[in-house]
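Next come the structures, one after another.
Shared chain: chain A. Partners: chain B in the first complex, chain C in the second.
Let's look at the complex of A and B:
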């Protein structure tokens, strides 16, 4: 069966002072119709870069070095900018992290929502009708008057709903949500997640949810992909990965989440930070410097992403080897 | 916005000064007390009298009428040179800022070359080559204004094209032209307006300078700079004559500069 999105061997390089650094290294994953997949990892691990390369909006300094991004069977890496314009906002849309800055301050929000419809061949009145419809769908009350309001008149939660409405007006097959709830407070966060889940069911839109909050991922996703320093280190069903993580990074991530059981004890944190792009050692396990179970072998080669029981993991000692 | 403008002292003083000048301009189209070029050698160098409220010049021409008529060319030259500078500066700046890379490099080096010449010298060269007339003066001053607008527009485009809402618009499939016209340009109107306002003051000053040198607006057509030049010879005997055009030029330049400053303060979120 053909997958909706099939990324294979994706390598993205970023040029810093004339030198190209690999920010994504042979990233591969699949997404099927109607699925919600989580993409987790710390800041700087390449989650957003993965998302941006799928929709073809990589920053100027970055370029795809190798690999394929097949969407409905067609390789998007090969596509021209003009062709991507026809795809963006129609078949694939993205919701950015900051609803405060993702809206043009000088344009009424309704017109911004309608823009994607207008850009993909709708008439003005159709676009307006579609915008009002989708505004209602994402739970914005009084869409008629809201249509003409400016972003500064809206609250944070409303703005994020507007941004989601913008992304969904053309009923895209794939929605990329880049930390859609990070900038919102917890109650609004819950509402937005519920909204995404509900829209995923009613429109059968596949969602690639980027987050660094494992709680959010547990809540909405069916599968989860864990990234570290440009590599996919673990992939599998949400329940399994979070209950019985195979990769030390996932395990250490889970340990650093505060829970009621850990009350009264100092919270675990993973030592160190993600190495800066120009300071990543080559030819070693990307996580070896911060890993609690690193062995000499980890510094000899990059472990391969191996599959076991429907899960994938990139560690020499995964699956109890290191226990 | 309007309220903030009214509260801003600079803006209000500038607006009042310019209001007076615009009033003079408006009246000049319908009514001039005397023929601005009509001479009357019997009444040379008169001090202000009820018949000639601003006195008369070395040929006995009514200064008020000449000043009023002159305001037309001042505004014409100001508007057209700012218009030319604004239009081309915006086009080049947008291309340089949005496209970046080689286009940016080439356009900005041309701009640098233009900027390397002092504005008035460049205008002088252009007028010398093309011949002096009101229109050529406006065009020459317009060309000298391009680099300033180009720089401002480029900076704005560079900055705003990285904004999330522009990326968001791109992610909705908006074409580059649409991005520039609808999402970037409206967000940089205020720095452009400020530049236009200050640029207008500069153009008025340069026009006065060129006319003073005899290269701007040609006599007998009245121009404030020209009048100042003529009055120079009689500065000791009748300082009144030099005082009037000098005052008006000052009012104009001060007015636009204050208006520009005020606009900047009002539109700048940090100082507002």
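Let's look at the complex of A and C:
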């Protein structure tokens, strides 16, 4: 079966002072219709860069060095900017973290939502009708009057609903949500996550949810991809990965999250920090400097992402097989 | 808990901010960021303060840290009202109370070296000579787990976690007793967050500190605190020991808040989806501030604000139905 999104061997380089550094290294994953997949990791691990490569919005300094991004079978890496414009906001949409900066402060929110429709060839009256319809869908009450209000008149949660409405007006097959709830309060976060789940069901939009919060991913996703320093280190069903993590990074990350059971004990800490892009050693396991189980072999080669029982992990010693 | 003398106390404290109307400068309005708040923090305790943005938790922290005085009400430190303190007593109090802020990128002077930032409190508050100050700074750097080599570095050369260590070092330079930690780990990654939480915990033990720990992350607050207070629209709605409040929340807001927290652990808990958003402080609801979003609200809730009710030992909630809520 053809996958909706099939990323293979994606390598992205960023130029810093004339030097090209690999910010993403052979990233590969698949997304099917109607699926919600989580992409987690700490800052600098490449989650946002992965999203930006898919939608073709990489920053100037970055470029795709190798790999394919196949969307409905077509390789987007080969596409021209003009062709990407026809796809962006129509077949693939993105929602960013900060709803306050994603909106134009001088334009009524309804017009901003309708703009995405106009861009892809609709009449003004159709666009307005579509905007009002999608505003209702994302749970914005009184869309008729809200249509003419400006972003500063709205609360954070409402602004994020407006941004989601913009992303969904053309019924995209894929929605990329880059930390959609990080700037919001917990009770509002819960509302937005419920909304994403419900829209996924009713419109069967596939969602790639990027988050640093494993709790959020557990709430909404069926599968999770864990990234570290530009590599995918683990992939699998959310429940399984959180219950029985295979990669030491996932395990150590879970250990260091405070839970009620850990009260009164010191938290586990991962030593060190994520290495900066220009200080990452090449040809070794990306996590070997911070890993509790690192062996000499980990410093000789990059482990491959191997699959076992429907789960993928990039570690020489995962699952005890080679131990 | 009541027999011990509190280290610091807020008695019926309110804070109002004036808001100017730009089109009509004569039309002045004010909002109550904190409304009639009373709480007492005992020596050696970690008091966690939670709530959503705009609920007044940071304002409370800043009043406790002495950054600005309350509009009304009283702050007592070691049993003595701050208003009645002499200038000398106030100086002594300021040495003992320090604050660590959320954003380690914004809270350090970018033009000063780390050594200077950590040393400054000693320059202001003590008469130590340069060598003595240097020695103390180096000891403190070791205490917070920073290499002395960073003393000559500038803030931009440090990572977020290291900067937060610098903030903690500067806050503890004067042998502080009470630390207001206002979202100290919110800007940090999970793996760095646990390092800072462990540091704060061990410093509390070794230096006998008392914390007001403010955070919107309920998992972190639960891990760190002995007692917690939940705030909603400027008021304390529930207060008590961590086990009581997390295990048996009595205010409907606390229940909804706790149920909305995403968790990595599996649980079969009942989720409560709150409709709507936090009302504006400019136009707060009548009666109980939560009645507009509360599933249990009765007509009486819109008319009169409920008082704090005691439910158990040191466990209080501001809800008319607090007693019944527990039996469900």
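As a working rule, the second predicted complex is superposed on the first by the 320 of 323 C-alpha atoms of A that agree within 3 Å, B and C clash if a C-alpha of one lies under 4 Å from a C-alpha of the other, contacts with A are read in each partner's own complex, and residues count from 1 in each chain.
Criterion: contacts are C-beta pairs under 8 Å (C-beta built on N, C-alpha and C of every residue); 3 or more make two chains touch, one makes a residue touch a chain.
Just so we're clear, the structure is a prediction, and the values are computed from it rather than from any experiment.
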Worksheet item: After the chain A overlay, clash or fit between chain B and chain C?
Response: fit
Item to complete: Return first, second, both or neither, reflecting whether A:105 touches chain B, chain C, both chains, or no partner chain.
Response: first
Discussion item. Quick one: is A:259 in contact with chain B, with chain C, with both, or with neither? Answer first, second, both or neither.
Written reply: second
Worksheet entry | First (chain B), second (chain C), both or neither touched by A:283 | neither
Worksheet entry | First, second, both or neither for A:219, with chain B first and chain C second | second
Worksheet item: So, does A:267 touch the first partner chain B, the second partner chain C, both, or neither?
Response: second
Item to complete: Rounded to a multiple of 10, tell me what angle the C-alpha centres of chain B and chain C make at the one for chain A, in degrees.
Response: 80
Worksheet item: Taking the superposition as given, does A:242 touch the first partner, chain B, the second, chain C, both, or neither?
Response: second
Discussion item. A:190 in the overlay: touching chain B, chain C, both, or neither? Say first, second, both or neither.
Written reply: second
Worksheet item: On chain A, which partner's contacts cover more residues, chain B's or chain C's?
Response: C
Worksheet entry | Closest approach of chain C to chain B (Cα atoms, Å) | 5
Fill in: Interface residues of chain A shared between complexes with chain B and chain C
none
Response to the item:
Listed in rising order, chain A residues that touch chain B in their complex are 55, 57, 60, 85-90, 93-94, 96, 98, 101-107, 112, 115-116, 119-120, 163, 166-167
Discussion item. Which residues of chain A touch chain C once you look at their complex with the stated criterion?
Written reply: 42-43, 155-158, 185-191, 193-194, 212-216, 218-219, 239, 242-243, 252-254, 256-260, 262-263, 266-270, 273-274
Fill in: In the complex with chain A, residue positions of chain C that touch it
52-53, 159, 161, 189-195, 197-198, 201-202, 216, 218-220, 222-224, 242, 246, 256-257, 260-266, 271, 273-274, 277-278
Fill in: Footprint of chain A on chain B - complex, ascending
100, 163-175, 178, 182-183, 186-187
